[in-house]
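This structure is in structure tokens; I'll ask about it shortly.
Naming follows writing order (A, B, C, D, E, F, G and H), and every chain is counted from residue 1.
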């Protein structure tokens, strides 16, 4: 409900094209669908640039399927993250042509109107410090794909053998945004952000053990980076990093 | 030292325009100045788009002045953050026409070649939840100014009276990037990121008490936001939020 | 054992209606039943307004059944929370007409004298930020029902799409008490408490991941709310929030 | 801006008593005053039942005085908490007949229309475990007074000599709401909540040392109480406990 | 190897009753048995008053059985704590007449010379706050029994209905030492230590949820008790509490 | 108020030696003195074996002096701990013949009836790991002295040169109770408790830096000791360790 | 790529023995093999003295096998740590003559050129506090073996019976480096480092319970040791302790 | 007291060259000096290779001076760390020719027999990430000097401009041991340990702010490094890092 809508509804009322009751109804109109246990936000694509995504963790398979079907009935693209085996089984049974990626733990079904974004600054780069961080990096890449942004993954370029990273200098410098994925001590984003000028998003993972505190160590390391221009998302939050990168990569016409 | 340089040095060597010794020297050339206790990174402006900044906390006044003078002798803009009273006094005495902002705790002296950036996506918006968060918001604004980006502050728009925020709908929707500053429970960035499509940077502050843990609560709240596209910087890190925002706001030509 | 009892026992003694031994016995009389491993507090309904509830976590199925049967033999309503599958199976086998709710993880059997409270301020509102918070919200609702208070749940009204909450303005403003349930960053109670004048109880949930710390983040966010009049209960403690809400909703005659 | 207002504005427009521009202006009207660094929420009394309070910590004396004067010019009661010596000096100089309490660290100036609430359930009881907790208890009492609720303090009734508490049985049972203030191990609220049926608000204090973690221990102890019906506020948050108690103590007419 | 031994060995040497080599051997004599992976401390009974106990957690069933058999071959009593199902099965198969308690998770086999201690101050009392704390209380009781001290358990006497505790006043005041077992907010030991003069040992349990932090909350509450004379052992450490209580309960002849 | 009192009061009533009103009064008689801000527990000496002690931290000098004077007027010994310079100055001015120890931060004034305990098991030993731990060890020794128990301090016997401890073998083995004081890694109590059979109380101190967490490290180390029979008090709590040691050292006649 | 290589490549270029393109290629040559998901660092043996090791935790069995085979095809020794049952099964099936140790959770296959190091300072000693720490100690020993260093384990020499350690004085004093492994309170490394002059590496384990925090307690205890010369590795990091010990034990020729 | 001493004392006794009493005295001889509050460990130089050092934090100036004088009277070198202004003033007044370094916060006075070590592997390298880390690096260097080891500092070579480090390749590769000092995110030791083969000691500093947790972040980052062979000391522990480096740098003759 933006300012133009407001002007237009009030003008209609002033011109008596609509009644006071209709104006009240318009002004209180619900931009979401109420399933009882969930209120699907069908206007999110307008507001954020991409549809509401189903965060499947802590939802029952039944709830996930119901939300997905409601979105499909509005012709929307469906995309679910953090999928358990049970949820995936239920989704595969309920939705005929659903696609999924078991490593990234996501499923999706593109709407008919789905297409890649046309106005982007370029290609997003995802650097993963170790092989064990790949699952989180893949969640980011799958999410970018659904939102319509192209991306590329450089895997196993962590700081214990830093020459592996710097041999890809040109790829680093060509990126429009970089998502730097790291567990353990989380040093990779600092090194990258000290080297490039594009925005860098630190994505800590829970890969580690002992005093690693399930990812708190790389999270804090990234937040305390001595390299400027680095911002950070939650541990293992490939989805959030992708949304932020897509937002940065979108050409804005102001 | 980029790829073109490498090609060019090696070609000179191949053509015997330079000796092996000169090639070695070029390939090992130091893009920084060694003060003994500090190695000033004069190439940072090329690499990152803005000069090295003096983080004054934990440095002695003598060290700060020496670094500032070395930068000035290279014709660089000088900018210092987290300035104590002692450092500020030393800087004011040592540098004739230095400028400063006591609320933001920064000082600066623009070089002759300083100018605002010409290719930006628009104006950066800084939203501060409470009056007590202003000092951190001001550090962000001063930093943006030095880096060459225009910004505007909306103060006291926290969630305890959320109508104060939504009455500025148009300003929110016109921004190219938003820095959302909040202490206490840190809910403001979530509400903003749920509302706009541009990138939002959460900037937690240490304003609070008791179980606030000196800013850890708003930091964690922002990292766990249910709104997508939000990234976060360290507590009270106005400088870092500004660098990230400037990086996002810069038009890239790829 | 209140003051009137004391007066009355002592008067009986003074009048030699009872012996010293009987007075001692009365004054030391046990208002509970001793099962050896448990001492059932049969006076709790008098003291607190509702009977002792069986917190089943960390109890063996045998212990739960024994306590339930002891309560039933006193004609009391039985109500158990945090029921595991094993406990539920044992209870269903041991108690003929027991009722239960698998999502809320509770079972109950109303006594013959059970009835809804007659003197309440109105209807209690339970707002749940996300679908995944429903299980905790349901524990609160079931508890309120057993204690005799009517309630209503608004689900999926979190701050990532805050218009979904404000479209229920009137329901919010009609409530006598509101329980605001939220995981993730826990911002919902702040927004509600900034909007209404009735008491608001923040109920954090363990829904989240990474730096969420199993619910510590929304717990701390609620404790540090910039909205006044908000109080908080333990993570996932739907039972406690319901007891507090019922206590507030009870009309007191002083 | 409630539903009746909306109806009334739209009817005026329909009847052309006001223009479209006027309707837009009304619908976007600001219920707050913009001081630049602060946006004073003059509608808060309507929304919450008491005026906006000045949380003075982290504000400059100049900011506090400016906010206080703006409130006074609207005929509102002024009330500031967490006052430092500097803020108090500035306030005493700037506001002629200001009152203050140095132990509770608050100042106030009642408006002409100030009066005690007329519809309350009764008297609020504040129980403080130790003498050292009195400062926080006093912040609660002063706040209640300004909001218009009567209260009484029982001091030094902690669990190390629990007979001191139980000798006040009748006072406990007569209260409409109890605020239980405790530092150290924070056991007092549990004992009280196990004894009375009225709502109990746990108010942890930072009184303690060593592994006390500046109040985190009593805070967590209260959140994990085995007594039902207990809710909790932030450490040392006498103001918040008072607001919650006042909200509970207000007779609602639904 | 005490002082008398030293005198005696050296005198023998001085008198040439033993050779230098024998003296060296005596002075370096190993008061333990080396199994390779374990060095059994057969002198512990002399030093501490009770034999070495097998802490079974993190040991393989084979290791537990081997240690138990080595102790039996020295005629020692065998006692194992924190027994998993696998360890218990292995022990039952390997040791003919072993006894065990599944709730307390311990097994034992008394040596022929085992007997109750003769010189004790009296009977040790174990108070458990809730039924769910019984398993830990039982570990303490079984340990005391093996060490030769009589004890008694009072169960379900937590602070949510504190009259259940005080109805056992005489038992409390007759105890020579009290072990106070509590999970949740851990208030019971404070209340008891404020009431009795004998030593009180706080034994926190992991019974709780949410912000309970697996027992850290009652542990910290007990450490911060406002009641003096209370000491504390690790979470769920019934064994340690029993050893400390036995040590206190032993009559010392100095 | 013990059982004999109860019998006696009720018998008097039965015999009409006292009226019902008098019986009520007796049964509700206050065993403490109410100063308004403090309720002095004059019965504590009966209940605990030593008088109420003034914990001076977080109390104003005026409050400390008032409590001390009230105790003196009852002929009680006065003892204050954690004394700041301001409190000590106020106490020295207000109480003519007060004594104090600046290292231990305590003051005291013995009552006329004060005397050393007559029935103790022996002498208490205090072992301090480093010179820096002496202040806390002294608080324990001064407290023991006031309570009437003799003690001896062994200083600087930490594990970095463990031969310094073992050269005092006989003193260790003669002690009736040992208080083991240690900062840094807190290993001393483990080593001692593995060596002696008397009760050992671990007293962690805040001496350390960096990851020492202000004493949490030695506190946790002691709680996790592999030596049995060790109990622990709060960080820097010399007073508490002394009370526990005195309680253990008292000969009980049962 | 060291300095000599640089000189040599540039001389070849100067002498036109190689072209500019070849020089560029040489200077950018990749010292690793790219498997897509992993970039194997074949130069690590040159740089670090031992080949890249496969940290198997968080890798799929397929990834582990593929990396192992790639290393074998370069004639390198293969060594994997933190092996799950699934990974071990896959490795045993895929690699004919692989060896493994189930307690240490490692597998290995020596290359043909594998041999023990020839220039070492001596034998490395591994002291394990308890039997339950053996698994971690074994990971260290197996790693040392693969890297080519001899070692010896002393098991069950913890501080609860410290005479078991000191009876091995000579072994302690003969070691070139000591790895001290301990869970619980982690006191063993302090005691050893206070006794010997060779470097001591503290290796904390997760053996413990309750407030042990999964190994954080011994980790912090070791970091805060009052014995000098002690350094520490991550919890359960037998591999890292072995690498550090091997590095210290290697004779350097400078 | 080593094995040869034992043989020799016992032989003397056997030969009746000494009496039993003398043998007892020898066997119990104290290798330290007892000042009452301190027991100076004069044998430490024999045991550890360097004399006991005075950790001045938490000691009174009087205690520091007394310990220093006792050491001087034994002809030992005196060295104090973590010196406050008060301690330094007292030391300067009491010890005529004391030397000190205010940045490193240490003082020293070499004994007449002091000399540099003769058998070392080479020169120790200290790399400091930022200028603000210099104070801690200097404590390490001064300590090494006193212990007799040469060292060199490379300052301001942190990862935000990693070319500054790699331009010193040869210095890195020539070092016998490297101490890597870093605050902020603590990434420098990982990068160095991934590059060199000599032992690397990570030394975290408290330089940082916000979620830096006073140095816990770089401490944890170093412990979780993906580079092998890195060990770590406590935050700001320049002394400990130096002791460990010296121990590693000493040529051992076995």
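Simple rule for what comes next: a residue touches a chain if its C-beta (ideal position, glycine included) is under 8 Å from a C-beta of that chain, and two chains touch if they have at least 3 such contacts.
Here the structure is a predicted model, which is why all the values come from computation and not from measurement.
Novice: Tell me the fewest steps from chain B to chain F, where a step is a jump to a chain it touches.
Specialist: Each step joins two touching chains, and the minimum needed here is 2.
Novice: So which chains count as neighbours of both chain E and chain F?
Specialist: Output, common partners of chain E and chain F: C, D, G, H.
Novice: With centres defined by CA atoms only, which chain is the most remote from chain B?
Specialist: If we average the C-alpha coordinates per chain, E ends up farthest from chain B.
Novice: Tell me the angle, as a multiple of 5 degrees, of the rotation that maps chain B onto chain H over the C-alpha atoms.
Specialist: Nearest-5 rotation angle for the superposition: 90 degrees.
Novice: Tell me whether chain B and chain G, two copies of the same sequence, contact each other through the same residue numbers or different ones, using over half shared as the line for same.
Specialist: The interface is built from the same residue numbers on each side, given that over half of them are used by both copies.
Novice: Look at all chain centres (mean of CA atoms) and spot the one farthest from the centre of chain C.
Specialist: Of all chains, H has its centre farthest from that of chain C.
Novice: Distance between chain E and chain H based on Cα centroids, please, to the nearest Å.
Specialist: About 40 Å, centre to centre.
Novice: Once you find the CA centre of chain F and the CA centre of chain G, what distance in Å lies between them?
Specialist: 50
Novice: Let me have the rounded angstrom distance from the C-alpha centre of chain A over to the C-alpha centre of chain F, please.
Specialist: Comparing mean C-alpha positions, chain F is 59 Å from chain A.
Novice: What residues in chain A touch two or more of the other chains?
Specialist: Counting only residues that touch two or more other chains, chain A contributes 160-161, 194-195, 210-212, 216, 219, 223-224, 228, 234.
Novice: Every pair of chains that touch: which are they?
Specialist: Pairs satisfying the touch definition: A-B, A-C, A-D, A-G, A-H, B-C, B-D, B-G, B-H, C-D, C-E, C-F, D-E, D-F, E-F, E-G, E-H, F-G, F-H, G-H.
Novice: Over in the complex, which chain E residues touch chain H? Could you list them?
Specialist: Contact set of chain E toward chain H: 6-7, 10-11, 13-14, 16, 19-20, 23-24, 27.
Novice: If you look only at chain C, which of its residues touch chain B in the complex?
Specialist: 129-130, 158-162, 184-187, 190-191, 193-195, 208, 210-213, 216-218, 220-228
Novice: Quick check on the complex: what are the chain B residues that touch chain A?
Specialist: Per the stated touch rule, the residues are 2-3, 47-49, 53, 121-122, 169-170, 173-174, 176, 194-199, 201, 219, 223-224, 228-234, 239-241, 243-244, 246-248, 250, 252, 254.
Novice: For a test of understanding, state which residues of chain A touch chain C in their complex under the given definition.
Specialist: 1, 28, 30-32, 36-39, 41, 43-44, 55, 57-59, 63, 67, 82, 204, 206, 214-216, 219, 234-237
Novice: Can you list the chain B residues touching chain D in their complex?
Specialist: Residues 131-132, 134, 155-157, 160-161, 163-164, 167, 183, 207, 209-212.
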